[in-house]
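As written, the chain order gives the labels A, B, C and D, with residue 1 at the start of each chain.
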Amino acid sequence: MGIFIGENTKLVVQGITGRDGSFHAQQMMDYGTQVVAGVTPGKGGQTFSDAVPIFNTVADAVSEAGANTSVIYVPARFAADAIFEAADAGVSLIVCITEGVPVGDMLRVLPYVREKGARLIGPNCPGLIVPGCCKVGILPGQIVREGSVGVVSRSGTLTYEVIFQLTRAGIGQSACVGIGGDPLIGTNFVDCLAAFEEDPHTTAVAMLGEIGGTDEQTAADYVAKHMSKPVVGFIAGQTAPPGRRMGHAGAIISGSEGTAAEKMKAFEDHGIGVAKRPADIVDLILERS
Amino acid sequence: MGIFIGENTKLVVQGITGRDGSFHAQQMMDYGTQVVAGVTPGKGGQTFSDAVPIFNTVADAVSEAGANTSVIYVPARFAADAIFEAADAGVSLIVCITEGVPVGDMLRVLPYVREKGARLIGPNCPGLIVPGCCKVGILPGQIVREGSVGVVSRSGTLTYEVIFQLTRAGIGQSACVGIGGDPLIGTNFVDCLAAFEEDPHTTAVAMLGEIGGTDEQTAADYVAKHMSKPVVGFIAGQTAPPGRRMGHAGAIISGSEGTAAEKMKAFEDHGIGVAKRPADIVDLILERS
Amino acid sequence: MNIHEYQARQILSDHGVPVPAGEVARTPDEAAAAAERLGGSVVVKAQVHAGGRGKAGGVKLAKTSDEAREKAGEILGMDIKGITVRAVLVAPTEDIASEAYVGIVMDRAKQADTIMVSAEGGVDIEEVAATMPDAIRKLAVDPRYGLLNHQAAGLGHFLYDDPKAARQVSSIIVKLYQAYRASGATLAEINPMIVTSDGEVKAIDAKMNIDDNALFRMPEIEAFRDVESENPAEVRAREAELTYIQLDGNVGCCVNGAGLAMATMDLVKYYGGDPANFLDIGGSSNPDKVVAALQLISEDPNVKSILFNIFGGITRCDDVANGIVEATSRIDLQVPITIRLTGTNEELGVKILADNGFEAMVDMDEAVKTAVERGQ
Amino acid sequence: MNIHEYQARQILSDHGVPVPAGEVARTPDEAAAAAERLGGSVVVKAQVHAGGRGKAGGVKLAKTSDEAREKAGEILGMDIKGITVRAVLVAPTEDIASEAYVGIVMDRAKQADTIMVSAEGGVDIEEVAATMPDAIRKLAVDPRYGLLNHQAAGLGHFLYDDPKAARQVSSIIVKLYQAYRASGATLAEINPMIVTSDGEVKAIDAKMNIDDNALFRMPEIEAFRDVESENPAEVRAREAELTYIQLDGNVGCCVNGAGLAMATMDLVKYYGGDPANFLDIGGSSNPDKVVAALQLISEDPNVKSILFNIFGGITRCDDVANGIVEATSRIDLQVPITIRLTGTNEELGVKILADNGFEAMVDMDEAVKTAVERGQ
């Protein structure tokens, strides 16, 4: 059930004694996620919430508590170190919630994670949830509902919004994945679409994109070529002014300005139902399922 | 016929306009090697020896002259750059003759070559020769003879010595490979032994080692486990004083002092004929073939 | 973060890139004095964070220091794409034999810094890309190995047939890449890179963007920040840790999360309104941020209606509600406010609002529709 | 190249490794003055390129500056493994709570720099490796990524339970690795790394070996070379670009190529002789090198017979022959010379020798046997 996480997920929380880490560790435990370890260097030997052993290193969390998945809540300047450490320790899935990680750090981290055979989700993402089973990250557990629609999104709260609207309309989710909005991320749309296509519990997918980059166009192409399940999509930023962060050179490199119009056209051209507003997702899913 | 090089070798000589490069380019052409290109940055467009086009980059030599093998004669401080360039340009074999390449440069180069799917022989090596067919490097063509004994060696002139003695005794060679005497090299004994085991023209192998490191011990183990052809070996440095360059930490790392006695014992323990002096190689080969 | 040309020149020069002398001037007299010191004819260039300054008349030649004073006087105070020019760069004119383009940008798809070069420099590189794509060569740098010397050499030979120029430019590319990496840049461009008539390669122009997230490591680059040349409201927003971009619509939006903020703006448009801004209060629960956000929006004279769209996650609805109550008690709002509040601690937040006379909605579409209507 | 402890301390300190103050002294009075300046009790340590100086009496404690003068007087001029002590390091004694070992060495098999740490420091690390291998932790550094912070942190936690000491040592390990890489080292060891009784982690001893091939990039480290502490003949050999190691046998060997040189020495032994040296004239054809080589060998009073074993490849036999003729005309050789010459330009070389009254052999075994017999 679900993708990337499930009943066999044994989670280590990196930064478990921090403000966000401790809050969300508790939330995940309350949701039913098996939180088997926490890591805070120098606090090895202590216990979190009277139940979860804290280790100095992720390697210890893996060898002594059997962790196979890590979620990262450390400050931005230490996030790359934390990802390196998790990959080196041999966990197979790393979810980095941290926002504000320098691009230069991610450039170095990404090939390392790939070489170690791990999957990274994020950074700057809300994580993922399999309703009724397991959540890793910060997605609010109360808005999801068990079902068969896969949700994948580059956004944070916009993801909540769409999940909320689906749930209110009685449409449950097989899994919801926030892949993060940064320029460099570990898992992209195509990775998630492929996983949803393979997942027997998923019958349709909602894909929430944003302006910038070309990941949505690549995903649209993938949907046309490799997916049998219906996909509907929304692009945030239709009214956004031309991006101030990405200069001309970026557009030449990618062969695209990364506008919402381009992305929506790519969706349309490749048979993806295009939602003009988040609420349309619900109608499109109902139509196509 | 031979290993690593042969009739299909199309060679580019990096540093073809230098003192050593030009001399040996001519020697290799005289021996019959297909030298299809030379590279000297800034001299692109010129011609070597009225026959070989010179390019500014190895990439040009590959795309315009079809080079698939490179031999490097550039000064030590530029050798790592030259290897990076050859690997990046897509040649499948790189032979680096240059002596004195910093260890730190080689540390960076070796994984790059591996990732590009190329084979590096050397640095600080005499190269290789397939008698009567092709030579790449500086091995003197007049001392070899066509035959069926594979020669692999960490040394330079000691290799010549052994080849010379084999030839004088009427024993020809299938291929002779000098893998180089530096601490970090691209191709080791095991790689060559495996190639000789596969080569239908090779019936026996002579392996010439030296003190230092543990490559000979690893090779001995490989011979016992994977080789059907007879192997005989010699270790230079039986009377050498304990190495001044390798400190205690090195021995702990490798679990060995790297002495000739250790290596000869490993040969003996794994069924490799042990030559006490170079001349014994001839007798051992005659005995075992 | 954008930095000025003169600042980028400084960084490049510190890394050994040959950049001709140049001085910054903030008054016509300073410009004249700089021209005097540099001797000979100079070029006076507006220092603003906006493209197309040449077409806008922000770059002028001056043969004498008097002329430099005059041209600087024309440029200083000029408005380029809404930004007032407050400084000019005065640099010697060069004897140019040819112009090339050299740039580095982070390529999201390849997940690598990518170097682009073209012998067709000095012009709009986008046009070169569109009309003669073969004139541009791209090289993705493997972040594990960095830029390798032979790669830079290859780009040099692509740019110039002359071996000396090729060698010079490849060394410059290596230094440019070092400067780019050391500064946490996501873009560095030299356009044009020139060859002078006596064969010297020099960087005549320089443009760099810095990754905001990397600035904590580089206080010396953070110090380059020129708040005077930015929109004052945006500067204040940054100081309050908000992301704010001013637009010219009539519906002021305050949202948590960038994606939801954009989707909210889209929905404003969808229902016939026009967003007055992009404003993301982020994932924090600090009521002060809400106060600062409302302050910013309410100061925009175009705003006729204010919309809050909050989906509580990390952000708690009660904190936002408290912030709204606090802010409205301090600010005398002249326009209607519409609040959508759902998610974490929703009930508490709704109660706080109700107790203070505010109505909260749950449905996003309904809230946006209402805010748009109220702004008409 | 070996560098002295005080030089290695300098390099480490330049990279931020906490190394206690210390001064080099070349006379007893200098040592006393250093102890005076440092105040309190000091340790006086011989600076020689040889292991086991402690056991040899090359490390002594001194409570006062007078005592420092006395101990320095004992150590200076001392002979440790054939090397005369010409300098001592005077450093303050430390209040030691625990001693650990931290080292980095290039691992040939893994093709990676490898960091080794052990909480069992201050003793012979080889003994620790032999008797309690689990007390050593090894970490191979991926050259593409360098030492990662979490790896250094993991080593810190392995060494110390105390979080503060663990943090300190992991930061030291990062700096040690930086120093190692920046210096072109192939070995760097701190033994002991101490924790003081007030919880500070410090490097008390330092040892580094530098890759000779990397020295061209680091003139400041090349300048550390202490020719006085080396064998004078070996220094002269290096200056003549020869590789020469003096031994105590009676057959002087001059060979081209290190492998052949070792095989030649082995063969001398095989035929009952004893090699007087290792001497590799390298791949060059310069007759001057041959002259310098023969000079070195002939000055060794133990040499009773000289053997040339040349297999021409890059080295040309005629050049070697000319060198031998030139050298023997300048040097009044007191011992017989046996020459084996084959390979490139063999005929020409043999003729030059014959014209000057030298016989040349082709067979290596025959030549070695002859040289051994002539030395008896």
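Definition applied: contacts are C-beta pairs under 8 Å (C-beta built on N, C-alpha and C of every residue); 3 or more make two chains touch, one makes a residue touch a chain.
Note that the structure is a prediction, hence the values are computed from the model and not measured.
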*Between chain pairs A-C and B-C, which one is joined by a greater number of C-beta pairs in contact?*
A-C
_Quick check: how many Å separate the C-alpha centres of chain B and chain D?_
28
*Roughly how far is chain A from chain B, going centre to centre by Cα mean, in whole Å?*
50
*Rounded Å distance between chain B and chain C, as computed from the means of their C-alpha atoms*: 55
*Among the residues of chain A, pick out those that touch two or more other chains and give their numbers.*
108
*Would you pick out the residues of chain C that each touch at least 2 other chains?*
144-145
*asked:* Using the definition of touching given at the top, classify the network of chains in this structure as line, ring, star, complete or other.
replied: other
*Tell me, which pairs of chains are in touch?*
A-C, A-D, B-C, B-D, C-D
_Quick check: in the complex, which residue numbers of chain D touch chain B?_
51, 103-109, 111-114, 116, 124-126, 129, 136, 138, 142-144, 181, 184, 186-187, 189, 207, 209, 211, 213-214, 216-217, 245, 247, 255-260, 262-263, 265-270, 275, 278, 283, 311-315, 342-344, 364-365
*Which positions of chain C touch chain D when the two form their complex?*
144-145
_List of chain A residues in touch with chain C within their complex_ = 20, 76-77, 99-104, 107-108, 110-111, 126, 138-140, 143, 153-161, 164-165, 181, 183-184, 208, 210-215, 218, 234, 236-241, 244-245, 247-254, 260, 276-279
*Provide the residue numbers of chain B that touch chain C in the complex, in ascending order.*
41-44, 56-59, 81-82, 84-85, 88, 108, 112
_Give the list of chain C residues in touch with chain B in this complex._
145, 148-151, 153-154, 157, 163-164, 166-167
